[in-house]
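Here subunit A shows up in two complexes: once beside subunit B, once beside subunit C.
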Partner chain A sequence: MAQGQTKGSGNLIVLCAFLVGFIGALIVGWIVFPKVLYSKKFQPIDFSHESHQDSDCESCHYFRDDGTFSGVPNIDNCIECHEEMQGDTEAERVLVEEYIQKDKPIPWLIYAWQPDNVYFSHAPHQKLDCVRCHRDVSKEKSTPPVYINRITGYSKNTMKMVECEKCHAEQGASNACQVCHK
Partner chain B sequence: MSEKHSSNTHEEHGKSKVRYGMVIDLDKCTGCMACAVACHQENNVSFRPDETDKTRNIAWMRMYFLENGKEYPEYRFSYLPRPCFHCDSPHHTPCTFVCPVNATQRDERTGIVNMIYPRCIGCRYCMVACPYHARSFNWWDPTWPKPLEEMLNPEVSTRMRGVIEKCTFCHHRLNKARDKARLEGKDPDGVEYTPACVEACPTGAIVFGNLRDPESEVSKLAKSPRAFQISAKLKTYPKVYYLSKEPWIRKLSDKGL
Partner chain C sequence: MKVGRRAFIGFVAGAVGGTLLSPLPWKLTDDIAIWTQNWSWRPSPKRGHRAGKQTLCNLCGGACGIEVDFINEKRAIYVRGSSVNPLNKGGLCSLGASAVQFLYAPYRISQPLKQTKKRGDISGFKPISWQEALSEISKRLSQLKQEGNGKSVACISGQRNSSIFALWEHFFKAYGSKNIFALPEETDGWKLASMSTFGVPEPCSFDLSRVDCVLNFGAEWADNWRNSAPMARILASLMKEKPGKPVVEVVHISSRLSMSATKAKEWIPVKPGTEAALALGIASIMVKENKVSPDVVSFKGFKKWEDASGKTRTGFKELLLKEYSPDKVSKITGVEQRKILELARLFANTPRAVAIWGSGGKDCPNNFYSDLAFVALNLIKGNFSDNGPCFLQSDPPLTPLPEVKEGWSDDLRRLDEEAGWFFPFGLYSNAIYPFLDALSSGKGYPIKVLFIQEANPLYVLSETQLVRDALEKVETIIVMSSFMDESAIFADIILPSTTMLERWDDVCNISKVPNPIYAISAPVMEPIFDVKHPGDILIQIAKKVDEQVKGVFPWKNYVDFLKYRAKGIVESKRGAIADENVELCSQAPAKPNYSNLKEFLKKLSKGYVWYDSPEPTSSRIKTMSGKPEFAISAFERSPKKPEKDEFFLPAYIEIKPAGSEKEYPLMLSAYSCSYLASSYVPNSYLMMKDLWDFQLKGNKGFVEINPVTARKLGLKESSSVVLKTMKAQAKVLVHITPSVPEGIIYVPKGLGHKAYDEYIKDKGINIGDLIEVQVDPVTGLGIEGPVRAQLIRS
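Right after this comes the complex of A and B.
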């Protein structure tokens, strides 16, 4: 009986050691490693999409006549409304004093920056919902940080080739190299 | 050049209505090499310290000098600009057939032989397979003379050491033209665009367009009695046609480049 007890407690110790190691490995793999791998960077201005609900998306994110997309707006767009301070927020003060008055472009960090050999155009993707690829910004009060992979230098949100290819195949779009690579 | 092949006859190809191709009129070409310079600039082709070494330099549009080998007064010469021919042979081009990693493929919707540079492993099979020497290998890290590095074209990615590169029919311009057509509500397939070499040619010797459009200038010229293909006997079906009235050039063209 006593022998059985020692055997049972021995198994328990093995089980505990296994669980401690297993959970430890999970914590390292799921929480510690991603934090080490990605550096956290903040946008130069804490832009609030929620405060701009009165204007259309197309006021800032629009197509140019040659088929290119404006993407992230810069001071040329901002100056249309923010030549002078309108409110009293810190973000607006930074925009007006640091960038618009100094005529300096805002060094936005791009959440979906693609490698140099990738060609992406918004024009063929007009019919898709923006949230198919981008985060939902409609109720967003401040811009989220950008996570940059320390090894590759690309953002965590950068779309991977497999996602492009999968959707292209589903939609019957061409998957030829030159459609997405330049 | 007794056999003339129409690229429209291959059942193996998809039913795409688009086949981009080029016609180069050698009777009009003055050998000024504006096409080669424009191509070099447009496509961020790097420079060697000694660009006169044509066995080592990189050229997407290479200029050949042809002579008929006779003494004056029968002596004749001609220039022949050579881009990639984007061969239309069934199933595969010589280069795409041998690529072990699918770094180069032919897009059956446009006929363009394309390339993903970072996927290339540098085995150079395609370079050997190409009968037209259209492919160049980056033996060294690409370099540009001092101010040119700031003048690189952002529409075209630069290559790295250890990969093959070649003419792309300026497909980045095709992509832009397609986007413009989409915004204007037009059909993006078969849209017309102009590669850099065609744009630069001062004599209008190079014509580019859709070979499958019977109304296009390029398809009409390709059926001209002056039209021929280089080494047509290899049955690579180049989509780049040449025009010349000179019998000796047509005879030379069967011997390859």
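Right after this comes the complex of A and C.
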């Protein structure tokens, strides 16, 4: 009996040790690891999409005449309205004094920087909603931080190939390698 | 509590299980795989913040707006056409798209160099400091000037449409030499045709935004009818069908089925070099059917006219009816009489029809009489009237340069004049070939110092051997170039220059556009090497030569000089800064939208352009009669007068090539492509990749011949042959194509370099080595017409 009790407590210890290891690994894998893996960076200007609701998306994010996409706007766009201060926010002060008046480009951080071996063009994807791939920014009061993967150097939001393939399959577009990798 | 072996194993098993159920191993594996893409030795653009900077591209002498993308504001990576510029509106040619490749090219020169061995030996160049180089040059120039030998200094510049050419002219005027030349351009001839017809050396230009019909006599506007991007845009807009607007009738007349010909509504093949005869044939029918503009009757030379000596000479009307009847023109050109009549009636009956012309894409001057013939056809149509589509291109109102009091003396003559060459239009002519001929043959006086500013004449000019012979006679050759090109290798001192993205430049007028234009190409980065702008070099040298020259160079540097020039426009309160919404060709009045020089320069440095409304031709005319003239009045004042009356009028004058037809039964001609550069800037790596495999295979270049010619010679596609002319011979491959006429060999311009790097050097053949240049007896310009050639199987 005494031997049986010893064996039972031993199993309990093993179970506890297993659970400690298991839960600990889950905590490390799900909570600690992502925090360690990504560095957190903030945009140079706290841009509010909500404050710009009076403008169309295309005023700043537009297709050029040659079919390329302008992507994130820079001071050439901003200067059209913000050559002088319009309000009294700190973000606008930084924009006008630090960038527009100094004729310096804004070093925006890119949320969806694609690897060099991917040739992505916005032009054939014009019919899709922007939110199919990008976050919905329409009600965003401030710009979220950008998380950069310490190993790869890419942003946390950089889309994975599987997402591209899934959508291509749904839309009936080719998933051949050379469509995206030249 | 004692943790035993089993508990430890349990812990590890739990940890392993937990890890496997977490993203850690899977994400880590994936990320490591991605990390391997970023190994440092893998060629990849530098990563960082990407942002564009606006400026202007002037690589071809044009003024296209561009946006240059940078990584972390330092590394330029990409160039695209900017939509803010009304000339290119987002379009860009392959030369402009290669600006970054030129910037970082391995053949760039990074510091001043001096030749220490035999001229032409690249291993003999040793670095010297800027101070040493400039001091040596200015001492030599001071010495020559003190000896009264200023005329022995010469310059060949490759930048004609920029203020730097005006700065060179200013320097030479103050220094006392007339030997300043530029690389030849098609519009060199146009200026002299205008000089003859309108009394001003202002080239013709066209408002193509409001035409219904274009007769295009060899203007390769889909390829290289400067400037590429704006011309391609204009051509595309003419071709575009719009509801309610008839498509513009574009008829292309040329001997080769070029890219421009394929885009036209109709292609009329003619015998090479006979386009002017067809233009006169059309004019003849218009005269015969009384469809000429009523005012031309009063223009000097249209009817019988009296020259200065009182002799009555044949009028243009009579000449047309007698010599250019459809049957005669058909024999000259090979075009059916029926088609000539059809073309004449199309041109005469379409209210806004215009004739444009070019040199078949070679961008070299035409025969003087050919240019006159095309001007005459437009005159007869009434296209130079105040509401017509043709204009004379006037200059923007830039500040004039300071007056040079002790300038050129009365007895000072250019080397070619001293050597016995004489041309009725010599004073206004860019007679570079007669200059080189005089230099190579040792006639006239010796040239002690020759500046070559971003021109590379040893490649760009035809008759390479003549150019080489001429340069060998020069005591000291000073080359200002960004690249180790053929001419830089042949230099005694190399002064390395900045590239477009690193420097300030301006553009004064755009070829073929009727509006006065001014634009500024601002730097988007600091120079990456120890290099200087040629304008800064010239100003520094001028200040050291002597007090007299220094006195007329009040500028601190080239930027200061550009501000001085631009101030004239601001003070004139003329014109406006155009954006993409302005249609430049239109004659809508431009109202100033700038208030001061600072604002003006700030806007222009972002790729915008200043423009003014084109001036009506009637306000530009400065002939004795106050009207356009068909008669060539310059001959009346010339000591050498032609015998025949037809030489006093626009005519088709065939310049026969040298050599016997028996020995050289074929004719050789050059053609240009938009993806080949044949001027100072070489083909970029991007452009070399654009070549077809029937233009270049490995290092072998091709000639294009007609299937009938191939059959007669027993040649097949890719046969290896020797192309031989009176000047040289070269091994080539054959490309058989019906797009070239029978008996003619076509070779692309822009290949066969003997410098740069392995991707450009020895690729194909340089047609300039094989061609013989004929000097136009009226203008002194070099004409690169077809030459006699033969193909020998090898």
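Keep in mind that, in the parts below, the second predicted complex is superposed on the first by the 160 of 182 C-alpha atoms of A that agree within 3 Å, B and C clash if a C-alpha of one lies under 4 Å from a C-alpha of the other, contacts with A are read in each partner's own complex, and residues count from 1 in each chain.
In this text, a residue touches a chain if its C-beta (ideal position, glycine included) is under 8 Å from a C-beta of that chain, and two chains touch if they have at least 3 such contacts.
Since this is a predicted model, take the numbers as computed values, not measurements.
Q: Is A:Ala176 touching anything from subunit B or subunit C once the two structures are fitted on A? First, second, both or neither.
A: first
Q: Which partner chains sit in contact with A:Gly29 here, subunit B, subunit C, both or neither? Use first/second/both/neither.
A: It touches subunit C, and subunit B stays clear.
Q: If you tally the residues of subunit A touched by each partner, is the higher count for subunit B or for subunit C?
A: In the superposed model, C touches more residues of subunit A.
Q: For A:Val162, using the defined touch cut-off, is the partner it touches subunit B, subunit C, both, or neither? Pick first, second, both or neither.
A: Touch partners of A:Val162: none, neither subunit B nor subunit C.
Q: Tell me which partner A:Ile106 touches in the superposition: subunit B (first), subunit C (second), both or neither.
A: After superposition on chain A, A:Ile106 lies in contact with subunit C alone.
Q: Could you tell me if A:Phe63 is touching subunit B, subunit C, both of them or neither one (first, second, both, neither)?
A: So A:Phe63 only meets subunit B here.
Q: Just checking: does A:Ile151 make contact with subunit B only, subunit C only, both, or neither of them? Give me first, second, both or neither.
A: Second partner only, subunit C.
Q: Contact-wise, after the overlay, does A:Asn117 reach subunit B, subunit C, both or neither (first, second, both, neither)?
A: Touch status of A:Asn117: both partners.
Q: So which bits of subunit A does subunit B touch that subunit C touches too?
A: On subunit A, the residues that contact subunit B in one structure and subunit C in the other are 65-66, 68, 115-117.
Q: Can you name the residues of subunit A that touch subunit B in the complex?
A: That would be residues 63, 65-68, 115-117, 119, 121, 123-124, 126, 174, 176-179, 181-182 of subunit A.
Q: So in the complex, which bits of subunit A are touching subunit C?
A: Contact set of subunit A toward subunit C: 10, 13-26, 28-30, 33-34, 37, 64-66, 68, 74, 76, 104-110, 115-117, 149, 151-154.
Q: Under the touch definition given earlier, write down the residues of subunit C that touch subunit A in their complex.
A: Of all residues in subunit C, those touching subunit A are 1, 3-4, 6-19, 21-24, 27-28, 31-32, 34-35, 37-38, 44-45, 47, 49-54, 70, 72-73, 80-81, 83, 89-92, 606.
Q: Hey, which residues of subunit B end up touching subunit A in the complex?
A: 104-105, 107-110, 112, 114-118, 155-158, 168, 171-172, 174-176, 178-183, 188
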